[in-house]
Structures are given as C-alpha cells and as structure tokens.
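Both complexes shown next keep subunit A, but they swap its partner, so subunit B is in the first and subunit C is in the second.
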Partner chain A sequence: MGALIGKKVVQLAAVLLVVTFFSFLLIHLLPGDPAATIIPLGTDAQRTQLRKDVGLDKPLVSQYTRWLGKFVRGDFGRYYRQFGGEPVRKRLSQALPVSLQLLVYAEVLALVIAIPLGILAAYRAGTWVDRFLSTGAFASLAIPDFVLALVLIFYLGVKLKWFPVLGYVHFGQSPTEHFKSMFLPAFSLALAQAAVYMRLLRSDMIATLQEDYILMARSQGLPTWRILLRHALRPSSFSLLTVAGISVGTLIGGAIVIEAIFTLPGVGLTIFQAISERQYIAVQACVAVIGCGYVVVNFVVDLLYTALDPRVRHAA
Partner chain B sequence: MPPDLPTDVAVAPEVIAVVAGAPSRRTFGVGAWLAVGWLVLVIGLALLAPLLPIPKPSEIIDHGALRDAKPSLSHLLGGDDNSYDLFSRIVWGARNSLAVGFFAVAIGGTVGGFLGLIAGYYRGRIETLITAVLDIMLAFPALVLALALTTFLGHSLFYVSLALGIISTPILARITRANTLTWSQREFVTAARAQGAKNRRIIVREVLPNVVPAMASIALLAVAVVIVAEAGLSLLGAGLKVDVPSWGNIITFGRSGLTNGQAPHIVFSGSGAIFFTVLSLNYLGDVVRARFDVKEGALT
Partner chain C sequence: MRNDAAAVGELLDPVGRSDFDGPLLDVRDLTTHFQTPRGIVRAVDGVSFTLEAGRTLGIVGESGSGKTVLSRSILGLSPRRQLVDPQGQILFEGRDLRPMDEHELREVRGRQISMIFQDPMTALNPVMKVGRQIMESLRVHFDMSKADARERAIDLLGQVGIPSPGVRVDEYPHQLSGGMRQRVMIAIALSCEPKLLIADEPTTALDVTVQAQILDLLGRLQSERNMAVVLISHDLEVVGGRADDIAVMYAGRIVEMGPAAELFKATRMPYTDALLRSVPNIEDPPHTRLLAIGGRPPDLVSPPPGCRFNPRCPRAGFRCGVQEPPLAPDDDNVHHIYRCWYPVGGPTGPEAEAAEARPRRVEH
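Right, the complex of A and B next:
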C-alpha cells in the first residue's frame, strides 16, 4: 500500500511538472516578440519591465525554473494595463471559491437527480417508465451544457423571471438569493452528468436486484423502499461514486463556459475576461492553476478509490 | 410505489442484455435512419452552400430590415443581429463547424490511431512511453487545453481544428490500443506470423481492419464532442474568428437577443443545429458499437 502511494506521488509530481511546463511554454507560442504582443500599446519602459518580470532575455530552462518558483509561491504575474495592473493572484483568490461552490452544487444536484431516477429505472426495468427515463437520459447527453443554460435563461429567467439571468450573490449576503443565482448554472452543468450517473446506477442496480439476498429480503416481507434503499443501493453505487469522482474534471471544463454565460465571477469568467482583454499572462496563470487543480483532484480521487476498493488495494 | 419487486426481471431477455453490458440496439431501426437522414441533410447543405439559392452569409438584407426578424417564408429562420439571413448563416456555419469536427477527428484519428496500433501491437517500452504521453495529454481538462492553444496560436480554422484534434488524439489512441491488444492475440495473427508476414503487414492487413469499427464508433462521438467544443470555444472568445459563420459564433452573437427577449430564435437556431447533429452522431456511434460488439471494457 505504502509503495503504491509512493509510486503515485512520483507520478503526480511528474505530471505536474509537465502541466506547468506546458503552461509556461504558452507565452512562447505567441507569434513575434511576446513583450510586444502582451502590451501592444505599452511604452518601452513597460515592455522592459515585462521582459524583466517574465525573464524573457534568459535561456528557456532558467526562465521555466524562475517561473515555476514564483508559481508555487503563489506569484502568478500580473495584469498589464495602461493604468494599474493588479496581481493575477488577487483575482484568482477571489474567483476560486465561487468556482468550487459551482462544482460542488453541480455534483450534488447531479447525484440528487440521478439516484432516485436510477433506482426507479432499475426497479421498473423493461417497462415504459424505464424506457422513458433512458431515452430522456440519452437525449440529455446530446444537450451541451451551454445550450441548456441559454434555454433556461430564456424561459426561466427572461420569460418567467424566476431566476436572475446573470450575476452572483454571496451566501453571506442572502442565502436564498445565493442559491437562486447558482441554481441555473449548477443545473445546466448537472443535467448531462445526471444522465451519465443514472444510466450507470440503473445497470448496476439491475444486476444487484437479481442477487439472492434481495430475494431473501423480499421473502422476509420487507417493504420495497427499504429493500431498494438499504439493501440494493449501497452495493450498486460503487462505480457510480468512482465516475462521480472522475467527472469532476468534465465539470471543470464545462464550468468555465457556464461561468462566462452567467457572469459568475469564478475562474472561468476570469479566464474569459483575460482572453478578451488579451491578458496573456493572466490566461497562462489560469491555465496552469486549472491544470494543476485538475491533476490534484484526479490524484485524490484515485487515492480514495484505492483506499476504498479492496480489489484495487490488494491487486497492487 | 407498487408493492412487488420485479424479481422476474431475470427472465426479460432485453434486461439480461443490458446487465451483460451487451448492446440493446442491434438493428438499424427508425432512429438510425433519422440520424443518417439529418446528417446527410446537414452535410449536403454544407457542401452545396455556395450553389444554394440563399443570400450570402455576410450579405446585409434589405438595408438592415431583417435585423432580429422572426422566421418567415422568405427567410426560413429569420435574421440575426446584423440583419444577415440566419438560414444562410446556419448553412455556412455547418460548413465551418463540420469542417472543424472532421479535420480535428481526422488529425486525432490518424495520430491517435497510429500511436494506439504501435502501442497495442508492440507492447513493451514503446507502449509504456505512449501511454504515459497519452495520460499526460488527458491530465489537462480538454477544453482548457484547447483554449490555451487557440488563444496563443491563433483563431484560424487550421489552429482551431489542430487544437481540437490534439484533444481528441488520446481518446482515439486509447480505444485503438485497447482493441489492438485484443485482436493481436487472435489465432489469425499468429497464423499470419507463422506464414512469415512482416509486422507492418500484420498491423495493416490483419489487425487494423478489425480495429476500425471501434475507432469509427468513437470517432463519431468525437466529432460530436468537437462540434460542441468549437461552440464552447466561441463562447469564451477563443474559437473561430468572430466574422466566420459557425454554429458556435451564431450562438455567441445571438446571446444579447436572447437575454433581452427580442430575438431568442438566433440562439435557438444555432443550438438546435448542434443538438440534432450531436444526437445523431451519438446515436450512430451507439449503433456502430452495438453492430460490431465493441467491448467498452477494453478501454482500461
């Protein structure tokens, strides 16, 4: 077990190095002189400052080690503007909690939708209920999250005015308004995930329901809901939880677009604004932060999986 | 909830098929024909766009009178915020969106297919190396990788396709490798080797034809993913240049008409085009997978 974790940590370190190196290299993909591209309207003094900040005059490897050294200490560079350029870190530290909230809400919502429907579909397998739910799930998978977001904005936001169509409200400011402002973004992200989870839980649950102990429980006259929830759900939910962990990554990608659509001030909106303002240093920092975050999340999920599943644990 | 648990599910053959992970959509039914029909329609319109009797996509209709206009007989989908004919935008947009989808998956399929075949057939160190590279490519959230590339490289059709091709490479490489692994151990491969066939010949003549169905089913899904990603990139300002008609750009620039409630049909047209195309591609991907009994379990 210890050796396995050690091996995984080494892998993690290697992947993080590659991810940061790629993010670092992005600046060098810019055509022409990076300093001129990053500050197109800047003065020579500003450009010299930038070259010094980024260390453009040094060889590539020492540029990278310098950049990495700053990056791990939380110095992500700064915005380059005519007047005042705040550190990227300041923006990101405000943005990160919002993105994390969105991800958690979306994941919870997806599970809340998927578990009852998955149980229902499995319990009624082969009937019209099952067919209806499965077709619905298949169709939901073809709806891109941003399309769902825009449709919901139009009908529930613009027409019915049930939800605000953009903006973010702090939880501390007003909990109800907070959840109202987060519901549409979270739901837009959650639906396709819920479809994946539902299909997974359904097929696992159908298998579980054929086990002898279910028949046993039935012969003891236990109520249906109790058999489904207490006896069948837990053994059926293993692959569901694994996939739920893995799909945090899918959500991170989707959340960027969703934040941009709803102008939720998260990392996604930060990167969107940085792209449109051509703040390349900020885009680079966001890419590196999201990339590393994603790698670490996957690492943690992998570890949990190893710790939870005796088969994986002993295979190692 | 009804009191009886369906313990009789065990006898329903359809359910058993699902439990065994076997495909339930074995036949080429109505759904598949609808999907094929939609794709033929869209691809046909896209290819014939310059010949169709429709306005040019960047032709201002009636000096701006078609601005945000609702769909009508003369302009099937109405007008957009620039007073362009929206149907024409959708058709020309299909040209670009499908081109990105096709080129990206062609890149991903060629590079990924090559890597997958090599890794799965030769095994050993080369396989370790290739899987490590693929794992690292998958270590980035796909959309972030793509937007990073287009932001720094540029927004031409070529770069957008290249960026999306890079993110589809590991997906196609993995399925190719997994299937190559299985097929390489079959008797006819051993037979070919016993007859003195060279590795190259075995890969191309014996293994590849058997791996193609699996690649095709994933490639169909990958085209769908790429079309969605193209639109996602547009929404982030990291997709094709703003004046290029594409489904993503149509949605992006229709957003103001949606939020002010004046012209939601712009966003809905672009979204509808994406939805039906993705649905068709997903469905056909499933059909191909069911038809050729592609084992998804082999993915890991």
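Right, the complex of A and C next:
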C-alpha cells in the first residue's frame, strides 16, 4: 500500500512537470515577440520590463525553471496595462474559490441526480421507466451546456424570476442567495454530466444485479432497497467514480463558458477576460493552475478508487 | 462457545409453526418454464417430492437436468419476467410458497429456508467484509443491533470451523481460501437458524480434499440443528452416503426416487444406472465424470417424445420413443418410484418386445 502510493506520487510529480512545462510554453507559441503581443500599445519601457520579468532573453530551460520557481511560490506574474497592473495572484485567489464551488456543486448535483436514477433504471431495466430515463439522458446529452444555460436563464431567471440571472453572492453574505446564484450555472454544467453518470451506473448495476452474490442476498430475504444500496451500489460504482474524476476536466472546460454566461467571477471568466485583453502572462498562470488542479484531482480519484475496492487495496 | 441455537431459539418468530405435523416441505407437480427467444424451456416439468424435518434429500442429475432451476423455484428466485404459467404447489409447513409475492417470500427466505451456492467466490460480495455479510441477515430478520449481530457473526464463524473468527470477521472474501469462503457462505445461510437448507452443488467448486470437510461440516450442523437439507449434486457419490432419500433428475423430471440404500441396491432406471457406473474424469478439471453412455441431455425447448432418455438409453425399445413411462412404484418397495418401461433387472426393451411379438406356443 505504502509503496503503491509512493509510486503514484512520483508519477504525479512527473505529470505536474509536464503540465506546467506546456503551460509555460504557451507564451512562446504566440506569433512574434510576446512582449509586443501582450503590450501592443504600451511604451518600450513597459515592454523591456516585461522581458525582464519573464527573462525572455535567457535560454528556454532556465526561463522555465525560473518561472516554475515563482509559480510554486505563488508568484504568477502580473497584468500589463497602460497604467500599471495588479498581480495575477490577486485575481486568481479571488477567482479560484468561485470556480471550485461551481465545480463541486456541479459534480455533487450531477451525482445526486444520477445515482438514484441510475439505480432505478437498472432495477427496472427494460421497462418503460428505464426507457423513459434513457431517452431523457440522451436528450440532455444532446443539449450543449451553454444552450441549456440560456434556456434556463430565460425561463427560470427572466420569466419566473426564481433565480438571479447573473452575478455571484458570497456564502458568507447570504447562504440562500449564494446557492440561488450558483444553482443555474451548476445545473447547466451538471445535467449532461448526470446523463453520462446515470447511463454508466445503470449498465454496471445491471451487470452487478446478475451476480451470484446478489442472488445470495435475495435468498437470505434481504429487502430490495437494502440489496440495491448496500450490496449492489458499491461494486457498481468503480467506473462511475473514475469517470466522475476524469470528468472534472470536461467540467472545467464547460465552466469557462458557463462562468462567462453567468458572469461568475471564477477562473474561467478570468481566462476569458485575460484572453480578450491579451494578458497572456495571466492566461499562462491560469492554464497552469487549472492543469495542475486537473492532475491532482485525478490523483486523488485514483487513491479513492484504491480505497473503495478492497481487491485492489490488498493486491498492493 | 455459547449455545447459540438456544439464544436464537428465543427469537423464533411466529411464522415458524411447530404445531404442523405434515412434511416440512411438500412439492407437488412443480413446473418452471422459461420464455426464451428460442421457445419455451421446460426446465422443471412436473416435479413432486416431500421432505420431513431434519432429513436429507439428495437430488442428482447431469448438468442441465434442471436441479438449479428446481432449487431456486422453491424460494421464488427464478427470473419472474421469464416465467410462463408457473404451476404446482410448494407447501412449506403446509403454507404454499408458490403464489407468494416478494414481500411474503422475504420472511421465508433466509429465515425458514436458506440456500448455499456452488461457487463461494462469486456468491460472496467481493467488496463487503464477510462479517457484515453475515450480519445483514441477522439485522433484517432478528432486528439485531450492530454490536449483537457482529458478536453472533463471530460465533457463527467459529461454529463453521474458521480459525480466529474475531480476525476473519473483518476480512474480505478474497483474503480467504475457497474452503473458508464456503464455510462463510454456510455461516450466512445458517445465521437465522433455517429449518431447511438447500445446498446447490456446495462442493463442486472446491478441491477434492476440502469437499469431504465441507460435507462433514454440513452434516454436523444439520444434526445439531435438526435441519432438513436438500443436497444437490451432479455426482451420485457426493450425495450417496449423506442423503436419506435420493431423487434422480433428467431433462426437468424426476426419473427415479427412493431411499438411498434401495436406490443403490435395486437401481431400476437405466439413467441412474449410468450415473452409478460413471467414472471420475482424470483429464478434465475436477468434478466432471464420464458417463458410461454417450450423448447429452436433450434440448429442453423440444424434449424427445416418449421417454426423455430414450435417445441415449441402451435398453430402449420401440415403446420408449412413443409413450412416456409414468413415475410408478417398484413392485418390491412402494417408496421406490421410477419412470421406465424396461427397468434394470428385467428384459431390455428389444428383448421384451421381441418376446411379446413372438406368437405364444399354444398348449394342447
């Protein structure tokens, strides 16, 4: 077990290096002189400052190590504006919690929708309930999340006025308003995800319900709900958990657009604004943060997976 | 070790009727047919038998003869959606289980009648500690607290001969050997002191050396609890010394049944005879046997007309392919019944038919 975790940590470190390196390279993939691209209207003095900040004159590898050194210490560079610019870190530290909240809510919402429906569809496999749920799942997969977001904004926000259509409320300010402000964005992100999870759980659960140990549980007179929840759910949830982890990547991608639509001040909106203002140093930092987050999430999922399946746990 | 039979005896629920004096299990004309894309599979076709409390009935037959379907039908565990017109009665202490819904059956399953399955690797939940798997039934049927159920689970593990049960209780099935797993399954099945245990090939998946240990354990637990057992096997030898009565199944029907000793001593049905004279197969994996006769059991979608065994029977006569023999008692012992026109011990089909066709000598 310990050796296994050790091996995984080494892998994690290697992947993090690769991810940060490619994020770092981003700025060098820009056509022409990065300094001119980032500060098209600024003064030469500003551009010189930028070159000095980034160390553009040094060899690539030493540029990377320098950048990485700053990155791990939380120095993400700064914005370059006509009249000074704030550190990227300041913006990111405000944006990150918002994005994390959005991701967590979306993931939880997706699972909360998918798990009961997946169990129900599997238990009633082949009946109209199952067909109804499957049709619903395919329909929600076919709707792009931003379209769903716009539809929800129009009906639930503008017409029924149940939810605010844009903006963000801090949890500390008002928990109810906070959840209200996050519900539509989270739901827009979650629905397609829920459909994927439901289908996955359904098929794994159908396979589990064919197992001898389920028959054994039935032959012992255990109630159906107990068999479904206590005996069948866990062995059916390994691929669900894995995909839920991997899907954080999909969710992150979706969140950028959703944050922009709902003007939620998260990392997505920050990247969105930085790209339109050509603040590539900020983009670079945001991409690296997101990339590292993604890798770390998958690492944690991998560990959880090990903890969930005793066969894997003891094989180590 | 505490006397657990007594401890649990206090918990006996009112469903257990001790005033009933008929047979514990009385199966009458049981029919389990499945709807399949190929047609209707007649897996169990009019099976009747009785079993008294504390006794052992062995059910023997080649793979595919309907033993598993029969045993699952008793507890209503056959896939309901596939069932076509289920017939017959399953009287357990006089109550018919056949028409019961899932809810009613739940009180019987595990509590009155338990099952153990062939493969202890697949029949135990791989992601649940064995202790918890035992506790589940106790918690449901006896409403036990977690702590009590756990204590009782440890007791049960000890009773089925698992060393250091206090440690094993927290292990997962894959941490145990095949024999240990089968013992765990027995512990689960016996946790609520059922009156009847159905053991469907309980040792087929185990090593030959472990087989006898498990069967002996079952025998011991059975007599300690005065529990009735239906012992199913494709191997007549496994059932031989342990069953009071033996039923031989072929193609969904009982073809011979009677007291074990009688069946061995005065075998009538040629199929039973073939089972008796089968030899262990050395080349194939353990537990397969070579029958003295060739061929395979018939397709249960369209069983052959007449006696279902006739295409393989070395004694078959013309009549066998036309008319099905009834399940009738032997002349020497009314408890010994079989289905055969030309039973072992008398003339074979061709001999008898030739004798009949020959014009009788007229006495002057």
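The rule is simple: the second predicted complex is superposed on the first by the 280 of 316 C-alpha atoms of A that agree within 3 Å, B and C clash if a C-alpha of one lies under 4 Å from a C-alpha of the other, contacts with A are read in each partner's own complex, and residues count from 1 in each chain.
We take it that a contact is a pair of C-beta atoms (placed from the backbone, for glycine too) under 8 Å apart; a residue touches a chain by one contact, two chains touch by 3 or more.
This one's a predicted model, so the numbers in the text were calculated from it and none came from an experiment.
Of the two partner chains, subunit C is the only one touched by A:Arg234; subunit B is not. Of the two partner chains, neither subunit B nor subunit C is touched by A:Lys161.
Looking at the shared chain after the overlay, A:Arg73 reaches neither subunit B nor subunit C. By the touch criterion defined above, A:Asp212 reaches subunit C but does not reach subunit B.
Of the two partner chains placed by superposition, only subunit C is touched by A:Gln220; subunit B is not. By the touch criterion defined above, A:Ile271 lies against subunit B but remains apart from subunit C after alignment on the C-alpha atoms of chain A. Touched by subunit B in one complex and by subunit C in the other are residues 126, 215, 218, 224 of subunit A. Within the complex formed with subunit C, the residues of subunit A that make contact are 126, 211-213, 215-224, 226, 230-231, 234-235, 308-311, 314. Against subunit B, the residues of subunit A that register as touching in their complex are 15, 18-19, 22-23, 26-27, 29-31, 123-126, 138-139, 141-144, 146-147, 150-151, 153-154, 157-159, 165-166, 203, 206-207, 209-210, 214-215, 218, 224-225, 227, 249-250, 252-254, 256-257, 260-261, 271-272, 275-276, 280, 283-284, 287, 290-291, 294-295, 298.
Residue ranges on subunit C touching subunit A, taken from their complex, read 72, 75, 77, 81, 102, 105-111, 114-115, 117, 119, 122-128, 136-137, 140-141, 172, 174-175, 185, 188-189, 192.
Of all the residues in subunit B, the ones that touch subunit A in their complex are 1-7, 9-10, 12, 14-15, 18-19, 21, 135-136, 139-144, 147-149, 151-154, 224, 228, 231-232, 235-238, 251, 255, 258-261, 264, 267-268, 271, 274-275, 278-279, 282-283.
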